[in-house]
C-alpha cells in the first residue's frame, strides 16, 4: 500500500507542514499540491466543500505525492467512511470531547475487528493499492480534534482509545469554550497552558499532536512546544493575504515584501 | 444603469487595480471581490474557467461593488455575447492584430446600429438595471489585446475603431512574437519600447491602456509609463506564492515578511 | 454585523413574506431574490438541493438585501453548522417534537456558552461582517418546525428552549400526523385549531410563528391568525403554475388573468 | 426513430406551443416538461446555459414525450453538432441574415450528402433509436432565426435553402435593427408588417414560422397571423411573474387572480 | 402510482437482475438504464456519488422504465428521506444489525402512522404520480443490509420489522466480520452457510433476499440458493473489465471473447 | 518537460493502444487511466464532454503516466488552445479536408514562429514542467482527422503541413462521405482501400496514422495495415457491452466468457 507521508515523517521524529483546503475545486487543490506541503487537509467542516467536490480535490492531490487528509463535518460514520473510500489517507474529526465519542470515531475508520468500517474502498484502493484490505487499518490516520475545555479535562481518556493516531487542536473553539473568543495564534496564557498539556499528553500516549496556526511564526513556536503537525491558514486566506497586500502596494505606489 | 467603476476611474484620470481570476469557482471569486481590487477579470482564455463557472463567478463578484470583466477565449461572437448577457461589464478580447479583427470584436459588444450584438441580457439587466437597453452601448467596455509585433505595427488602425474603450497588453505573447520568449515583467528594452508606443497611441486615441503584471513593483512602473489599468498576477499565483513562502518559512524555522 | 431583515420586521410587529427555493441553482435563486420577498429559504430537506448548490444560492441571494435562510434536511449538527458557516442568517429545522430535540437544535446554532457551534464562519463572516463572533448568537435565527400532533402537545416545552427565535408550521406533515393526509392550505377545523394554538403559544413565549402556504389568500388568512412569517409555495410551483396557465390559455385561444 | 412532435403537429396544420429554458438545471427542465408544452427549447444563446448543463436538461426532458430543441449561441458547427449528438431534435440558429449563412447552418445539421454533419450521435441515438443514421436528416429540425431588417430583405433567398424546416422570429432584435428598441410583444406597425411578410414567405416556401412572445394573448394573435410555433416567455420570467404577483398580493392583503 | 418493477417481479416469483451505479453522472446512469437491468441502484455509500449527482442520475434512469433504487451512506433519516423525495423507488440501508436499527430505518421510509417520513416528495410525485400520498407506503421498497455475523444472529428479529420488504447481503463485510476478509463471490463454507440462512429466513418472513455478486456465474448460483434480487458488479468494474481485456487482446495481437 | 508516451512509442516503431472518453467525469477517467491504455483521448466532439469536465478528467488522468489527448469539437482556435493550456498532450482535430484547414489547426497548437498559439499554459506547465515554453512545440501532438473522400484526395497536401504529427481516421464519417453509411469496423473494399492509402501516405510523410476501431480484432488488423495508433470503442460502449452480456447471461441462467 502507498506509504502515508504523515505517519512516516512523524515516526521519524520530524514535523509535518500541512496545507488546508476550503475551496470546492480541484484547480486550487492541485495548485496547493505543488506548493511544498507534506500533506493537505480538505476541510469539509468549515470549508465550503462538500463530498462531491472533495472527490475531485482528492484526485487533484493524487497527481502528486502529497498525502490527502479530510476533516469531516461531524462525528458521523457515513461521511467518515465515504471520505476514506474516496481515498483520504486520514480523517480529522471535530469536537471529540469524551472517550465514547473518540471510540465511535476511531471505530468508523477501521475494519473489524478493530472497528466497524464497511468495505468498499472504491477509489481508496485505486489510490492506495491492491493490498488495501490488509494494510488500511495501519496506514490510514485517525485524528481527533481537542478543542474544548471539556476535551482537555478528558484528554487521557480520549487518547487512550486504541487506534487513535493523533490529535488536532482548534485554537478558536478552545478559546470560545474558555471564554476568550475565537482568533488565530492566541497568546493568552491559559490557552497556551492547555496547548502544552495536550502536547505532553500526546507524547505520553505515543500519538502525535497537531494544531491550526495563522502564521509561520506561530507554527514554528508550536513545533517548539512539541507539535509535530502544523497547518498555516488555508488556501483562501493565503490568497486573500497576498491579494490585499498587492492591491495596497500598488495603490500606495510602493512595493513591499509581503506582496509579490 | 449601474455605473462602471473602470470607466469612471479612468475618466477621472485615476488608475484601475485589476484582479485576475482563473479558478472556476464562485468561492475564490467572492474572496477576491473582498480584497480591494477595483475590478476583477474572469479569464476564460488561459484560466481554467468555462462559461457555466463564469456565471457563478459573476454572481459572486456581484455581492460587492467590484466591476466584473471577462476575457474571452477568442474573438468569437457567441462567447462574447454570452458573457455580456451574463453580466460582464466589459470584454477583453485576445490577439487583436488588425483593424478588421477589432471591428468584428467591437461589433459583437454593441447593439445596432453601433454593432451586431443580439438582444437578451438575461442576467446583464438584473445586474445593470432596467435601462440596460438604452445605456449598455456606452457603459460596457470593449478592450482589445495588443500582444504581437503585428498588432503594434497596426496600432493606430486598431485604435481607430469606433467604440473601442481600451487596449490590454499581454507581455508574454508580445515577448514570444518578438523572439524573446514568455515571462512576467520583462525588462528587455525592445519590449519596453513597444509598451511605451502602445501607451502613447492609447493617449492619442483617447482610450486607456492596460497591462498584465507579475508584481506590484512592475505595476507601479507601468502606471508611470501611462498605463491606467494594471493587473497583478492571478488568484492562483497569489495563493501559491504565499503558500510556498509559508512552507519555506516553517521548514526553515524562520518566519519572513513574504509569508503570513 | 449586517442586520437580519426577518428579525427586524418581526420585532417591529410586521409580517415577513418569505420565498422558498428548491432548485439547486444560483440562477433561480438570484431571480427570486429580485422578486420582492423579504427573505428566501433554501430548502435542503424536500427541495432538490444539496450543500454545494446552497453555497452558490447563498451567493446569488447575497447580490441583494434579501435575508437568506436554510431549512436543513434533519436535526443534525454537521449540516446546521455548515449552513451557518456558508452565510445562512437562520436555520429552519424539521420535525422538532420535544424539548430535547429543540435544545440539540438550538445548541448547534449558538457558540458557547449558549450552545456548541464550532467556530469557522468562512463565508458567514464575509457576508455578515468582521464583528460576527460578537453578534452571531443574537443575529442568526433558530426556527423549529412544529409539524406533528406530538409537537403540538409539547409546544410549551419546545418553545421554552432559550435561544429559539421562532417556529414554522408544516401543514402537510401536521395533516398526516393527525390522519388527514398532506395538502396545501387545509381548512379542516382540527388543523386550524392547532395552527391557532401554535400562534398563541408563540405569542406567549415571545417568539414568532411562521407557516408554509399554498396561496396568497391563505397566507393573508394566516397573518390574520397571528402568523408573522408566511411562505407562498416554492419557485418551482410558481413557475409551473404560470407555465400551465399560459399553455392552457394559448391552446384554448383565450388569454386569462392567471397567465402572463 | 422516435417521432418529432413539432414536425408532426405542424404537418397536420396544428400549432406548437413551445416552452423556453434559460436556467442551467435539469430540475427546472423536468418541471417544465410536465407543464403541457409540446416542445421545449434550451436557450444556449441568451439563457444562462452551457453545453454540459444542456445534457442534463435534455435527459430531464426525455423523461417525458416533450420534443427537445436547442437554440445555439451562434452559427458555429461545433456547438450545433454537439447539441444534436446530445439528443436535440431541432436547432434554432440565431441571426441568419443571408442565404450563405443559412446554408452553413443547415449543412451543419445534416449528414452527407445533404450537409457536412460529423457522425457520432452518442446520446442522440439512445434517445432517437437505432435507425438514427437513416432517419436523422428527415427527422431533426433546422430552424433559422429571422431577426433583422437585412434578413427580411433576404427572406426568400434564406428560405430557399434546401433542408430548412422553419424560421423563428426574434422581435427584440428585429425591433433594434429597425430602430425601435427591444421589447416583448411589439405593436409597432412596421414590425407587424415584417412579421406578416415572414409568415407569408414561410407559407410560400412550405416551411413553418415561429415567434417568441411575451404573453398568451400575443401568442394567440401570432397564431392568427399564420405562426404555427409560438413560445411564451421563458421559465425564469414565468416564475418571476408569479412570484412578484404573490408577494404583492400578500403585502397588499388582497389575493388576485394573477397569483396562486 | 407508477408500478415498482422490483416488487412486481418478486411477487410473481421471478428474479430481479439489478445494476449498480457508483459514477456520479447521469451519462453513465442513462447508458446503464439501456443495458437491460430490471432495476438500478445508485450507491451513495461506497460509490463516488453524493446527493446532488444522484438527482441527475435518477432523472437519467427515469428516461426508461428501469426501477431506481438508492443505497444510502448510513442509517440516517435525512438522506433516506431526501433520496425518496428525489424519486428513488426503494432504499437499501447498510449495516442493519438489530431490530431497533431496522425499525429506525423502515420508519424513515414510511409516512405516519407506519413511520415518521416527512412529507414533500418534490420529484417523487413527478415520477410516481399524483396518488403518491396514498400509494407510497406500499409501493416504495425498504431493504436492510445483512452484512455482519451479528446481523445473522439477529436475523429473525430484524426481519420481523413491519414494512421491511427485503434484505440485501454484502458478502465482503460479512466476510470481514467473520474473519475471512473482503472479496467478491466467496466460496468459504461458513459464509455460504450464512447466505443460506438469510435466504431461508427471508422466505419464512415473506420478504425477498438480495445479494451483491461479482459475476454472472455467482449470481446464477445465488438465484439457485433462493436469492430473488442479484447485482453483478457495478458500472465502473464492468467498464474496467472490458477495457483491460481489450487492451490485453490488442497488445497480445490476439482477440478473445472477453473483449469486444 | 514530461515525456509524451505516444510520441515515444511511435518513434520506437511501436503501437499505441488508445482509450476513449465520452463521459464527463473524472471518476470514469481515473478508472480508465488504470486499465492499461498507453494514452486516453477525451472526446469533446461526439462525447458528452465540455471543457470544464475535461479539466477534471485531465487531472484524473494525471494521477497516472497515461498520456492525455483531447479531440476538440471543431477546428476552432479558442478550444484548441484552452485544451492545451489545461494540460492536453495532443489535439485530435476533426474534419480536416484541405491544407489550409490543416495549417489553421496546426498553427493554433504551436507558439510563434511555428504558429499562433497564445501563451498561458496555466495547468499545462504544472503537468508538463517548468521548461514548457522551450519544449511544448516539439512535445505536444497535432493530429488531423482524415474522414472524408475529399480529405483522402488532398491527403498529401494535408500531410505536408509542417508540424503535423499524425492523422486519425474516422471510419464512420468516411463511410458516410463515400455513400456507405456509418458503422464500426467496415469491411467494404473501397473503404479499406482508403485506409491503406492513408497509412501509406503517413509513412511517406513520416507521420503516424491512427484509426478508431470497434473491436480488438479490428484494431489488430489495422496495426497490420500500418496503423500505429488504435482506439477500441469508448468507455461507455465498453461498459454497456459488458453490462448487456452480464444481464443476458443471468437471465439465461448460463454464464458465458463475454461477461464477467
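Observations, loosely collected:
To keep things simple, chains are lettered A, B, C, D, E and F as they appear, and every chain counts its residues starting from 1.
As a convention for this text, a residue touches a chain if its C-beta (ideal position, glycine included) is under 8 Å from a C-beta of that chain, and two chains touch if they have at least 3 such contacts.
All values reported here derive from a predicted model rather than from experimental measurement.
In terms of the stated touch criterion, the partners common to chain A and chain B are C, F, listed by label. Shared numbers divided by all numbers used gives the overlap of an interface; between chain C and chain E this overlap falls below half, so the copies present different residues. Rotation relating chain A to chain E, from a C-alpha superposition: 120°, rounded in steps of 5. The distance from the centre of chain D to the centre of chain F, with each centre set as the mean of the Cα atoms, comes to 34 Å.
With centres taken as mean Cα positions, chain D sits 52 Å from chain A.
In chain B, the residues that touch at least two other chains are 22, 24, 27, 31, 34, 48, 50, 52, 55, 76, 79, 123, 236.
Chain-to-chain contact here is organised irregularly, matching neither a line nor a ring nor a star, and falling short of all pairs touching. Interface note: chains touch in the pairs A-B, A-C, A-E, A-F, B-C, B-D, B-F, C-D, C-E, D-E, D-F, E-F.
Across the complex, chain E meets chain C through its residues 50-52, 55, 76-79, 81-82, 85-86, 111-113, 116, 118-123, 133.
Of all residues in chain F, those touching chain D in their complex are 22, 24, 45-50, 52-53, 72-74, 76, 79, 94-95, 147-148, 170, 172-173, 175-177, 179, 181-182, 236. Considering their complex, residues 15, 17, 19, 22-25, 27-28, 31-32, 34-37, 48, 214-217, 219-220, 223, 230, 232-233, 235-251, 253-260 of chain E touch chain F.
Contact residues on chain F toward chain A in their complex (touch as defined above): 26-27, 30-31, 34, 55-56, 59-60, 62-63, 123, 126-127.
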